[in-house]
Amino acid sequence: MRRQIPLMLVFIFGIFMIFQYFVPHESSEWIYEFLLDWIYIIGIFALALGIWSLIRVSVAKIKAHKSGWGYPIITLAGLFLMILFGFTGYRDGSWGFYFMTAEGLSNPMFRHFFDYIMIPIQSTMFALLAFFIASAAYRAFRARNIMASLLLVAALVVMLRFNPYLGPIGPVIADTASWLLNVPNLAAKRAIIIGVGLGMVATSLKIILGIERGYLGKG
Amino acid sequence: MNIFDRMMSLDRRWVFLLLVVVCAVTYIVPFQVPIRVEGEVRSIYDFIDTLKPGEIVFIAIDYDPNALAELHPMCYAVMEHCFRKNLKVIVTALSQNGPGMAEQAILNISDSLMLDREYNGVLYEGREIRNGEDYAFLGYKPYFALVILGMGQNFRIPFPTDYYGTPLDSIPMMQGVQNYDQVACVVDLSAGNITDAWISYGQGRFYFPLALGLTGVMGADYYPYLNSRQIFGLMAGLYGAAQYEEMANNPGLAKDGMRVQVYAHLVIILFILMGNIGYFMGRRDEKK
Amino acid sequence: MRRSTIIVMAAIFGLFILTWILRSTSLASVQEHYLIGGFKVTFSAFLTLAILSFLYKDNPFYKFAEHLFVGISAAFWMSMGFWTTIVGNLIPRLSRSLSEFFQVPYQPGSYNFVYFIPVILGIMLLMRLSSKYGWFARWPLAFIVGTFAGLNFVRYLRSDFIEQVSATFVPLLVNWQGVEHFFSNFSLSASGQFVAIVGNWVIFLGVICGIIYFFFSKEHKGAFGTASRVGIWILMITFGASFGYTVMGRISLLVGRITFLFRDWLGLIS
Amino acid sequence: MKCRSLIAFLLVLCAFTLTGAQEGIGPPDSISADSTRGDSILPPAPVGNLKAWDTDDDHGHSVTLEWEISSDDGAGQNSVLSYEIFRWTPFFMDTLKGIRNSLAQTEAYIAELQAFLPRAKKRLKVHRKGEPGVGFADSVAFYVDTIAASERWLPLHKDRLGQLRRERAQAIDMIPQAHKSYPEQGEWRKVGTALSGQTSYVDAGVKEKVSGDYLADHADYYYRVDAVTADSTIRTSSEIAGPVQSYGQFFNTGRIPVFVAVIVFTFLTVFFVTKARRGADLYVRPLAGIEAVDDAIGRATEMGKPILYVLGLGTAADIGTIASFTILGRVAKRVAEYQTKLIVPCYDPIVMTVAQEIVKSAYLDAGRPDDYYEDIVYFVTQSQFAYVAAVNGTMLRELPATNMYMGVFFAESLILAETGALAGSIQIAGTDQVAQLPFFIVACDYTLIGEELYAASAYLGREPILLGSLKAQDYAKAAVMVLALLGLIAVNLDWTAFTDLFVVAK
């Protein structure tokens, strides 16, 4: 009962979605749209579970009083402040349970926290990639064997494609780089995508048929 | 630990430090890097450079502000080149969010034309760029494919008036200018499918010389048109724009960006080479 | 706390105040609330530097930024999810009085009752918190997994399988106009016929060798092994080239942050 | 005072709509002569052979038109710039449009009144509390009156709304009937434009009945196509095509190739799984990344350090994440057996829920339910870089012996892998995101490339059933190679009948 019903649900909805793909009729589209709407709604309930988990882990750390126990307080403070800003707002001369108004977000603090805390941290985290791409290249691009050498040479050629100090070999490098990016790149990506596609299809089928049930907690 | 081991196992913080210093310095200090110019950009420059004063270049600014970083440098470089050569320019903006941005670009370029400048050893005196005499800004109309087709008959069909509401017949430089036949070439700067319309409905039907300025990712898809001679030139991305600036001897936004890129790439390549030299030398020592 | 830590902290706090004042004074002629404006920019810059300091090593400033970011972003997505999905999508279909409370237009319809199902499934999911009825949570999970398994099954069969296979059908002799034409117009230029032909051969053979590399149930020996090795070589070349190609975009991101620090915060460049 | 005039205006508007004022029927699209044209154009030749039919393989509400281009398009006078498509529309459609407009207006008024009432009541309270002064009695009385009036109007408006909705539903049902009156009580109206050179147009409406773009099924439609020159007054109409009805289909014939693939693939999988179940011995080649998993767990145990398992940014709907779930199950079981610490930070709350379930059962299976605690798997945040920031911190503070990244990853792949390398952990990655593979390959010790991620669950479990499905995948790959070869031959011999088999309708 505890395992059979979920497996049956998986089978029924999986088969339905496969047939739905071949039926263009309106009724089939309606059901499809309903199902996708449902999933979004369930996702929000799950988010409540997530927030609960975040709070519990933070509280546990604070209680344990291990080193760095103060930081989870910042997490919780940020969380509750932002929830407060997100759920209350000022509209038409009074504070209340608002979010959007015709002019935009009803609570300016929500906007400020987004613009001046989330955005700078987010873009700086993203910008860390510039450093990590350099350090990864330095650390890993060693011509140890054929495969590593191919990786290294291809990367070097592409990185040199617009270098102005190469003299007569410059144009050759640029042509080679664009060939590498257009030809072998296409072939390899297509091979991977076909493989990934087959893997996805096979895994989906195994899920629908109840062969793969690792996601239910048993292998 | 000998020097080769050290070259191999340098603390990555040195990599970080050198990279950030190089990026910041090359960004702030305005020195020039040479840019290697490729044939497809050179042909656009040469085409415009050899036009006689008074001839008309049609510049289609068909991108939104979100593609501004890559395409604005091209717009600035090409349009300033045209004005310096005393060519006349017709500008359209067929992308919905583009007209305001295009107008601002024209005004900025007009401002910089007030100054005396020397390019490629030739002194160009500053002059005032006048709307209606040096350029006509036609603005935006929906259904770009239809607009491009209509302009093949007469510019006055899709644009009875220009962006500012002046009838085209009252604009001095539009006197006797009916359609693409009176235009020396069309330069389309675009980040989307308007390019395809220019190729198939514009060039494909009215046979005017067409050059493209595209974003970096789009570039590769349009090389076949170069081979089939449907377009006579192509600039792709920041690098394409930097090449035009290089030809025009007028360094701008693109060359600023490329300066950082060239040196940042060199730093990374340098570290890769260092690691490998250390690796090979270290292995040779071991064999001995 | 060690003495050196306290000194560093104090120095950074001092710098923060200093740049705040400097930034505010430069804003004074432009903005009405220049003190607040200055604080906002300075705080953003502080957070930017806090994250960058991670490159040196883990430190209290990074920890501060990290923990703050986690809390705020979790709440951000929760608010967005609540207002867009629950209030925007669900409530207008469930209840007139709740719609009026949230001031969203009520959307009556004859199939609205089905929207009670995701609510029930959502509540089942919340039962995870109970140790006794936790297994009910598997029902909504099964629903989601099953629906998407069916969806993905046909979707990837089309996009990743049929369409990719048919994209591999390429002419091996591009623009073939006879042997004589081929040799008389032979050139190694990037746009020439020879390069186009080689390109298509590489694409076809590359795809085949790449697929051979992914065979699991056959030993990679002999000719099969050679093909599989060629396959992984082509994969490696591709990975190297993609890596090299990405560098440019990543550097641009860093330049974006440098612009923020030097122009928007310090005002050193215009 | 400004507020007062607004309210009064609102009430007048309410009364106006309640009287049932309908938007007047506008004049048909007028065609204005283009005065800027000097030279005259002759009327072009009309398009030929206009045909109209229900669009194939769709949900209905759409009609396809096809014609032969005018002889003055690209040839002859070369004067045709575009084709304009006209549909005969009964005047009844204007009545329907009127109902739709009134409905929208009524809805807007109700919303405005509903927003106004609580505000006005609040104001009234404030005014009553306020200092009695000039105009005090006036404003209180004013608010009392307007609130009373609004409360009176509101139910009336709501009734009107219900009535309008019923009217709209009836009117929509009458659309097919109204089209029967052709050619009386209606006129030709433009529905779209095709550019010169084009020979077809799809008049696609939407299926939502409340929308103004709704195109009813089972109604008789008539179409006409005008060849239009630069001067839009100079045009020539075609012959009329129709009547034509649109309707939905129950099978999309354009997707037959996918259908065949579904059947073949399902058959292959079922066949090999059954064969494997009967005990046939199946060989699988070794995968370095998989063999490293066991070693890595052993290493972590020896070092007394934890194992970090990152499920990526995928949702429970992504197959990559589901493959990762299965691997997590195996890893968690070994970890429980070795009594090593496991850390699983999650990005998606549903993924977290599933992962908790999996790890819990794995500990149960390993016979160590007491070692399990809920916070092995925890939620961080649903924001990409906040999640990365937190995982980075965890890596440098907990110093795990092994980091495993399995599932769906985006730009964060390299940030995670480089930080992990900095912490000195052994790193095993696996993803189906082609764009991120280069970074994992470069920065991690072992990487499962694409399909290998899906195969990993079968490898780790060594269950014959799962291995059987690997065999099916290999046969499908062999089929791909054969098809690719055949397709190649077909393309080179211009054998389009074969390549057309692979064309799938969107």
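Things to note:
Each chain gets a letter, A, B, C and D, in the order it is written, and its residues are counted from 1.
Following the convention adopted for this analysis, a contact is a pair of C-beta atoms (placed from the backbone, for glycine too) under 8 Å apart; a residue touches a chain by one contact, two chains touch by 3 or more.
It should be emphasised that the depicted structure is a prediction, and the values quoted were computed from it without experimental measurement.
The two chains most heavily joined by C-beta contacts are A-C.
Relative to the C-alpha centre of chain C, the farthest chain centre belongs to B.
Rounded to whole angstrom units, the spacing between the C-alpha centres of chain B and chain C is 29.
Look at where the CA atoms of chain C average out and do the same for chain D: the two points lie 18 Å apart. Centre-to-centre spacing of chain A and chain C amounts to 5 Å, using the average Cα coordinate of each chain.
Centroids of chain A and chain B (each the mean of its C-alpha atoms) stand 34 Å apart.
Residues of chain C in contact with at least two other chains: 51, 54-55, 63, 65-66, 69-74, 76-77, 103, 125, 128, 138, 141, 144-145, 147-149, 151-154, 156-157, 161, 165, 168, 204, 207, 211, 214, 235-236, 238-240, 242-243, 246-247, 251, 254.
The multi-chain contact residues of chain D, meaning those touching 2 or more other chains, are 115, 255, 258, 262, 265, 316-317, 319, 322, 350, 353-354, 357, 379-383, 385-386, 389, 397, 437, 439, 441-442, 449-451, 455, 473, 477, 480.
Across the assembly, chain B contributes residues 12, 16, 19-20, 23, 261, 264-265, 268 that each touch 2 or more other chains. Against chain A, in their complex, chain C makes its touches with residues 40-41, 43-45, 47-48, 51-52, 54-55, 63-83, 85-87, 89-90, 101-103, 111, 114-115, 117-119, 121-123, 125-126, 128-129, 135, 138-157, 159-161, 164-165, 167-168, 190, 195, 199, 202-207, 209-211, 213-214, 231-247, 250-251, 253-254, 256-257, 260.
Here chain A touches chain C in the complex through residues 2-3, 5-7, 9-18, 20-22, 30, 34-35, 37-52, 54, 68, 71-72, 74-83, 85-87, 97-100, 110, 112-131, 133, 137, 146-148, 150-159, 175, 177-198, 200-201, 203-205, 207-208, 215-217, going by the rule given at the top. Chain B contributes residues 12, 143, 145-146, 149-150, 153-154, 156-157, 160, 167-169, 201, 205 to its touches with chain D in the complex.
The residues of chain D lying in touch with chain B in their complex are 34, 36-37, 74, 81-82, 193, 195-196, 230, 422. Those residues of chain B lying in contact with chain A across their complex are 8, 10, 12, 15-16, 19-20, 23, 33-36, 38, 220, 239, 258, 261-262, 264-269, 271-272, 274-276, 279-280.
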